[in-house]
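Two complexes, one shared chain (subunit A), two partners (subunit B, subunit C).
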Partner chain A sequence: MSNWPTETKYISHSTARIDAPAKLTGNARYSSDIQAEGWLYGMIYRSKWPSAKIKSVNLDKALQVPGIKAAVVVRDGEFNVRYYGDEIAAVAGVSKQACLDALRLIEVQADVKHEFVVKENDARKDGSPQVWDGAANTVAPHVRENGTVDAAFGECAAVIEGFYTTPVQIHHPMETHGNTVSWTDDGVTAWSSTQGISSVRDGLAGSLQLDHSKVRVITEYMGGGFGAKFGAGAEGVLAAKLSKAAKAPVRLMLTRFDQALAVGNRPSSFQKIKMGALADGTLHAFEGENYGTAGIGAGGDSGGGGGGADIPMPYLYKVPNSRVKQSAVAVNAGSARAFRAPGNPPASFGMESAMDDLAVKLGMDPLELRQKNDPNPVRQREYALGAEKFGWKEKYKKPGSSPGVVKTGIGCASAAWPAGGGSRRTQGEAQINPDGSVEFRLGVQDIGTGTRTVIAVIAAELLGLKPDQITVKVGDTHYPPGPGSGGSTTCASISPTVFDICTKALQQLQTQTGLADARGDNWFAACKKLGVDPLVVHGQWQQGLSSDHAGGVQFAEVEVDTETGLVTVKKVVAVHDCGLIINCVTLESQINGGVIGGIGYALYEERVMDDLSGVVLNPNFETYKMPGIADVPDIEVILVNMPERGVIGIGEPATVPTAGAIANAVANAIGVRVPSLPITPAKVLAALGKVPPPVNS
Partner chain B sequence: MKAFEYASAHSTDSARELVANNGAYLAGGNDLLGLLKEYLVSADLLVNIKSLPGLDKIEPGHKTWTIGALATVAQIEHDPEIKKVFPGLQEAAAEVASQQIRNVATVGGNLAQHSRCWYFRHRDTVCLKKNGDLCYARNGENRYHSLFTGNPCISPVVSSLATTFAALDATAIVLRDGKESRLNMAGLYHRAWENPLAHNSLNPGDLILRVEIPTARSRSTYMQVSDKHAFDWALVSCAAAAEVDGGRLKSPRVALGSISPVPHQVEAANQFLDGKILDDATATQAADLILKDAKPLEHNAYKVPLAHALIRRALLKLKGAA
Partner chain C sequence: MKQTRPENSGAGAHSRRTFLKSLGTVAATAATAQVKSVAAELEKANAEKVVGPGAVPVTLKVNGQTLKLTLEPRVTLLDALRNYSSLTGAKEGCDRATCGACTVLVNDLPIYSCQKLAIEAQGCEITTVEGLADNGKLSPVQQSFFEKDALMCGYCTPGFLMSVTALLKHNPHPTAEDVKHACAGNVCRCGTHPRIVQAALKAAGVATASKTEVVDYV
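Moving on to the complex of A and B:
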C-alpha cells in the first residue's frame, strides 16, 4: 500500500467540492432537471388494492385526454398485484396535469382479493392470508450454530433476554427515483437518477431487448440513492416504452407518494436475543432469533425480490457459543432493497442494546464490556480515542441515576462493514492537452459524496497540479466502465484507477517529451512538447492501493424528558476509520450524513401500514418523519487515518451504530430500555410505565 | 388537481358572492392547495381574499385586541407587543409549521384548517369524515388521534392558535349570511364534536373576518410536544391563561389541542383553579379534572400522561412569570 505518496499536499487534507459552485448556483443539472427537446411528463398508475388479479386495463379514455401522447400497461394479459402501489400502467403527456387527469380515467377490471396482510406478526399466524398463492408467508428459519449453546448458558454469571424491534425504513432520497428516457431508432438514452449507470444500462438493454451498445445512460448529478437506485426500475422501463410509443423523450420522476410505496425499503426486524457472559464480562453464550419483512420480496416465489430480512448476529462481537435462527415474512407491501449498510443498523441496534442490558446485569461499564469482547484492533483504538474526546468516564452514571425530570444519559455502539473495497472492473482515462489542460473521464457516477473531487484531489496530488486544474467527467456510459456506487466501494474503486492513469500519464509524457519529470512546474512545458495531438491515457484499478473492512464507534449523549417522553440528542462523537483518507471535508460530510440518517432511524422513521385498507398511511414527509435541523445535535467526527491500509469506503459504516448508541443513551438516562425503534415519546412513556390501558369503547 | 377558475375579491360582499357557486376562499393556501391536490375537496372557483382591505391588521386595544383573519402567523410571532400582552399567543404562533409556512399562513386559515388525520388525508381511503362507513382510526393506527369525542370520528383539532384563543377566551367574528356572528372557540368547533363530516362549525360561504381577544388575562402560555423538535404537529398542545392577583389565579382558562375535535376545555377545572394559589398539588388536581373522562384507544393512551404534564407545566409557568 505504500505506493501512495507519504508527503501530501491534497490527499488526506481538505479540498472543497470542485462542483460546489455548480451546485450552489443551480448550474449542476440533476437527473430531475433534464429537459430533453420535446420531452413529455410521464406518470405511473398504481394498484389501489393490496392484492388483486388484474384482468384487463383500458387506456382508451386516458388516451383521449388532451395532451396525452402515450399510455402503456406494465405487461400484457392478466397479472397479479400484491401490494397497494404496485405498478399497473403509465401515461405520458405534455403536462403534469394532463397525466394526472389521464390516470384518473384508466379503467381496470380486477378480481380484488379482500384477504391480505400487511403486518409481520399477522402474516406469521396460521391461517394468515397468503401473499404468494400456495406458499406460506414464512418458512422454517435457517439455523446457524457454533459451540454448545444450551450448556454454555448454564456457565454464565449473567444472562439477559430482550426483544428488540426495528421498523421498515423507507428510501427517501432528496431526489426521487426516476429518469428521462429517449427511445429513437438510434437507440435509447436515459438520464437516470442512479447510483449505477452501468447496471441501469445493462438492465434497460435487457428489458428492452437492445444491444448494450444501443443504450446510453447519463447521470451528471443525482440526489441520493442509498442502495435503492441500482436498477432501471419500473420507472425506467415504463419511461422507455412511453418514449417509444410517443416518439418523444419522457421524463418520469416518481412523486414523493410513489416513493413511499414501491422503490424498496429496509426490512423490519424482530430480534429475540438471549445472551450471557462470564463473571469477568467475557461473552459466552448467544441465542438470537430474528424475523422481519422485505415486503412481497420474501416467502415463496419472490417476483419482487431484493434485500433480505436477515441480519448479522451476534454482529461484531465474539461469542464462542451461539445459535442464530432467521426467517423472512412476506406481507402485502412494497419490497425491500439494499439500504445503506443492509442488515447492519438493525443488527447493531439489537446487539448493542443487548450488550448494554448485559452490562447493567453484570454491573459493568458498557464501554468496558465492549472493549473486552470486540476482537477488532482498529475499533479498540477507536473506543479509547472516542471515550477520551467524549469524556465517557466523567459522564458515565449508573442507569436512571440522572436527577430531575429531564434526565441525561450516554451510550455507545459500534459498526463493522465487511465491504468497502474496490471494484476490479473500474477503468478510466485522461486526456492531456498540449495547452496543459487535463480531463479525466470515468464511467462512475457521483451519488452525492464528492466523487469528482476525489478524482481531482488524487490527480492533482500525483501530477503536481491543483485540484481546480483537473476537469472531471463522470456519469456517462460512454466513458470507460466504472463501478456502481454501493457497498461503500466507489472511493476504493476509483482511487487506484486514477493512480494508475496518472502513473501511466507521467511515464508516457516522459517517453514522448524526453522530460524526466513532467509534474508540477514542468507540467506545461511537458504538455507543450506534445505538439498538436493530445495524449490519451487509459488506466484501470490496480491491486495494492485499497483494501476493505471499515469500522467505527459512536458515542451519543441524550436528554430525555420523563414526563413528555421527548428525546433530544445533544451530542454525537463519531470515530471512524477508512484506511487512507483522500479528502477530509467530504469524508466528514459523509459521516455527518450517516449520523443524521441514524438519528432518523433511532427516533423518527417508520413506515406505518394500515391493516384494514392495506395502504401506507404516511406517504409524505408530514408523517414519515425525518430529522430536521432542530433535531440534529453537535456532531464531532474523529478520523483515524491509516494510509498503510490503502483506500477504503466509508458510506455505510457511518450510519450503522448511531441508533444503537442513542438507544443505549436513552436507556442509561431513564434506567429502562425502550426496545423498539423509533424511540417516540409514546414509547418512552410506555417504558416508564406511565401509559394507562386503553378504554374499550 | 381538478381545473378551477380564479378570481380576486376586493370586498367581503363580493367574496361571499363569488364563493357561493362551489368556490373556496384562498388566503395562504397551505391547507386548501393540499386538499385540492389530493382531490379531498373540489372547488370550481378559488376566491383570492388576500386583497380584502383591512383584514391583515393587528390592532391593540385597552380591553380587546383585534387580529384580522388575514394577518399571517408570522406577524403574530414577530409582533413585540403581542409577546408582552399575549405571550401564549406568540408562543403558539412560533410553533406553527416552518418559518416559510408561517410567512404565508393566515390566522383565518389556521383556524379553518381541515383534519390532519392520515386516513382522511389519504387519497384512497374513504373514511367516515369523507362520507364513508367507518372510522378506520378507531381500531387502526390512532397514535395521533383524540382522547375525547362526541361522535365516531376521532380526528382531533390541530390548530395551535385555536387552542390558545380558547385559553384567552377569544371570539371569532364570522361573516355569515350577510351578518357578523360572534363565535367563541367552543362555538367555532362544536359541530366537529357532534358530526364526523365537520371539522368546524363554519357553514359554506362563512368567512372568518377577525378574532377579538380580551386583555383580561395578562398571563398566558402555550406549549406543545411533538415527535420532532420543529416543523411537526403537536402530539398534545396546551395553552393556559389567567390574571394573577396577589399570587391567586383570576379567570383562569386551560385548553388543549390534538386530543379532541374541539379545543379541549373543562369548565369545572377552570372554576376549580379560580382564586387558587398555584402549587404542584393544585396543578395536578386541575390536570386530573381536565383529563378525567379521557377515553384512550390502543395507540394514543400516552397522550394522557403527556397532556397531564403539559397542563401542570403550563399552569406553573403562569405562576412563575410573576
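Moving on to the complex of A and C:
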C-alpha cells in the first residue's frame, strides 16, 4: 500500500527514546510535579458509605484550619453517593498537612442506606438492594445468534462446558489521576495527568461552562494511564473550582487509596461457555452467557469508550453456530473505564480456556486445534513462528503428565485487536527555521509509549536528518489537535500526519528556495535560503499510510508447585504484528509491558470488596498485588514486519492473550483447570482437591 | 515433724481469687511504677528534642547542596523535596512504602523517602535522581537505562535508578538475581522490568542481548 520508504535509516530500526534523558535526570516535569506560582495543595473528601443521601455538608470548621484557602462541595443541594469513595467535597491549602487536618473537620449530614450490594452474584438476585433507585441491577441481556445452535450441538463429536471468571482489575498507573489547575480571569490552564488533552479540555470547558478557547490543557509528561485517564474527572473539576475560590493554582493529585476506589477499573466477567467441535476438531457450536460489573455504571467519564461489561465472544475463532447472551450488573462500587484492550483479555481468557478444555476432550494438541480454527492468515504464520521459537513440539506433554511435585506446563493463546488504526482528525505542524533547526508540534500526548520518538524517527527519515535534530513538542492544546491515546491508535494517527507535514515541507522548501531536494546534506543550505522567516507547514492525517487490526500469539511456560499452589511463569514467547514497524526498541518495550500486565491479570490482580461494609479491602499495593521484577520471566519477542500494511498500533494486542496462555499452561501442568483469575495458590490447591475452594471465588 | 498452719490460714486466705488479686495488685503497682519511671525517663531524654507541632527550621544536605527549609515536623523527606523545594525527581506513588517511586539515597543506602521525616534526615547525605548526572553527563546507570530503554512513562524510573545505583555502589558485579533483589521494593506498571535488569547489568559491564527477532511477513 504504502508510500513509506523501503530503504530506511531510522524507520524499522531502533532509536533510543528521545525524552529519556529528561526522565532519567528528574528534569521531566510530570503533572504532579508542577509548581505553579503560589500553588496550593488539594485533597478530596470521599464518602465513607457505600450508599447514602447527602443532606448537607458543612465546611465551616475545615475552612478555619490554618493554611486552608478554599473548600467546595461536589454539587449543590442534596445528592446521592452510590459507592464507598464517591466524591463529596474538596479542600485546598498551603500544605498536605493542612488539608489532612481540614478533611477531618468536614461535617456531613447523611441518610445512610444500610442496604447496598457490592458482589455481582448478590446483585443479580431477586430482592437485591438496588444500586439505582427503581431500576433493576441487571438489564435485559444483549443476545446475538448465528446459525442453528441447538441442532449444531447434536452434530458435535465433543462438547465441553465451563464457567470461567475474571475479576475486577484496577489500572493503578504509577502517577495517580490529577491535575494542577489555575483559573484566572483569562481562563483555565490545567496541567493534567491525562491520555487525552483534547478530551480533558472539552470536559473541563463543559463542566465549568467556559468556551473551549478559554481552557488550555498541558501534559508534558504523565505517569501512565492504561485507559483510565481520558476525562477531566471529578478531581479535575474540583481542582478548578478550588482554584477559582482560592484565587491560586491548585495541585490536586489523588491518593493511591482514592485511585483504587473512584477512577476506573476493568469489569469482571462470569462466562458460562458451552462449545462443541466435529471429530476432526472443527469448531461447530458455541453458546456463551456472560455477566460482569462495571460498578455503578459503564464509565460515564471514560471518554475513550469501553467500560461496559460486554466482551467479544466467541472471540477470534470461527464458529458457524453461536449464541451469545450478555448483561451488565450494577453494584455499589466505582465505575469501570476503558482498560488496555477493553473486553479482550477476559474474552481471550474464557475462549482460550474453553479451547484447551475442548482439545483435551478431543485428544488433540491445543495448538493444532487453534491452527485448524483460526481464520486469520497472519496469525497462522505467527503460530508457526512462535511454536518453533518456543519449542512447542518438543515441550508439549499430555495435561498432568509432568512428574514430581513442581510440575511444568505450556500453553498458548491469541489476540485480535480490531482498532489500532489512525484518527482522521489528527493534525500537526512543523516550524523550519532558517538555521536549519526544526520543531514538530502535535496536540497528542506521550503516555510512555514513545510518541515523541516516533515523530522524531519519521521526520528524520523523511527529511534526511538525524532524530536528535528534530525537536518534538506534544501535550498542549495550543498545538494542532490530535486524538486521545487510546485504542492503540496514536502511532497510526501521528505517523501519516508527520509524513504529510514532511512531504509538504519538502515541496515548499523546493518552491521557496529553488533547490530540487532539500533533504540530507542540502538541508541547511535550503533552510538558509528561507531568509529571516521560518517556514511553518501544517499537515494532517492521510489515507493509505496506516491500517488497523493487529494480532498476535503468545506461548507461556509455567512451573506449578503442587504443595504450595504457587505458579511461576518461566518463559513467554510473544509473536505480534503491527504493520510497518516504526521503532523496534520502543515497540519491544510495549510488548514486554503488555505481557507483564497480562501476568498480573493472570496470577495476582483482583479488587476485593467487603460485602458487609462495602469497602475495597485492597486499595493499596501491599494488598493489591502486581507483578514485581522477580515475577517477570524471560520474554522473547518476535515482530512480524508488514510494511505493506502501513502503520498499526500495538499497545493493546500485546496484553490480550497472556492470561489465557498462562492459564492454559497451568492446566497443562497440573491436569486440571483453574477456571478463575487470578490463579492464586489457594485456587490451584483447591483445583487439585487439596483444600476447599476459597470462599470468595 | 508436726506441720503447723498459720493462724490465719482459713480457706479464704489462700483462695485462687485472693492469690490472683494480690498478685495483680503487686504486678499492677510494679507496672505503674515502671511506666511512670519510663515516662519520666523519656520526658527527660526528650526534653531538648521535642519539636513542633508548628513549623521548625530544617536543614537538609541534598546532592551536595544545603537546603534550608521551614517545615512542620510531620513533613516527610519526600514532601520536603517535592513540595518545599524544586526537587520533584523523587515521585510519590503510594506514600506508604509500597512502590519505591520515592527512593532516594541516605548516606548511600536506598530508602523510601515517604517513610522518613525530613527532620530525621538532617545531618545525612541525601542523593536524589537530580544528583546522579555530573554536569549534564548521565551517570553510567542512567546511560544504561537510556540505551536499554529501561523506562516507559518514566514515573517509577527515578526510584529504580536509585535502587540500582545503590546496588552497584555496594556490589559492583551483581548477577541478574542481585538486581532483582535490589529492585524488589520498586513497582513499575508499564512493564519495563526486563530492560531494567539488562540496564543494571550493562552498567556493571555485563553485556546482555535483546532476544527480539524481526521477521518479514512477505
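Simple rule for what comes next: the second predicted complex is superposed on the first by the 682 of 697 C-alpha atoms of A that agree within 3 Å, B and C clash if a C-alpha of one lies under 4 Å from a C-alpha of the other, contacts with A are read in each partner's own complex, and residues count from 1 in each chain.
In this section, a residue touches a chain if its C-beta (ideal position, glycine included) is under 8 Å from a C-beta of that chain, and two chains touch if they have at least 3 such contacts.
Just so it is clear, the structure is predicted and the values come from calculations on it, not from any experiment.
When the shared chain is aligned, subunit C comes close enough to touch A:L24, but subunit B does not. By the document's definition of touching, of the two partners only subunit C reaches A:G597; subunit B does not.
By the touch criterion defined above, A:E155 reaches neither subunit B nor subunit C.
Once the two complexes are laid over each other on the shared chain, residue contacts for A:A630 go to subunit B and to subunit C alike.
In the superposition on chain A, A:E388 makes contact with neither subunit B nor subunit C. In the overlay built on the shared chain, the residue A:A16 is in contact with subunit C alone; subunit B does not reach it.
Of the two partner chains placed by the overlay, only subunit C lies in contact with A:T449; subunit B stays clear of it. Touch criterion met: A:T680 reaches subunit B, while subunit C stays clear of it. Here subunit B and subunit C are compared by how many residues of subunit A each touches, and C touches more. Touched by subunit B in one complex and by subunit C in the other are residues 97, 622, 627-630 of subunit A.
Contact residues of subunit A toward subunit C in the complex are 12, 16-17, 19-21, 23-30, 32-33, 35, 41, 95-97, 172-176, 221-224, 226, 253, 255-256, 378, 381, 385, 389, 447-450, 577, 581, 584-586, 588-590, 592-597, 620-622, 626-630, 632, 634-642, 644.
Contact residues on subunit B toward subunit A in their complex (touch as defined above): 1, 3, 116, 118-119, 122-125, 136, 138-141, 143-144, 225, 227-233, 235, 294-302, 304-306, 309-310, 313.
Of all residues in subunit A, only 48, 84, 97, 100, 257, 561, 563-566, 568, 603-604, 608, 610-613, 615, 617-619, 622-623, 625, 627-631, 680-682, 685-686, 690-695, 697 touch subunit B in the complex they form. Against subunit A, in their complex, subunit C makes its touches with residues 72, 74-75, 79, 82-83, 86-96, 98-99, 101, 128-130, 132-133, 138, 142, 145-147, 149, 151-158, 161, 179-181, 183-184, 186-197, 210-218.
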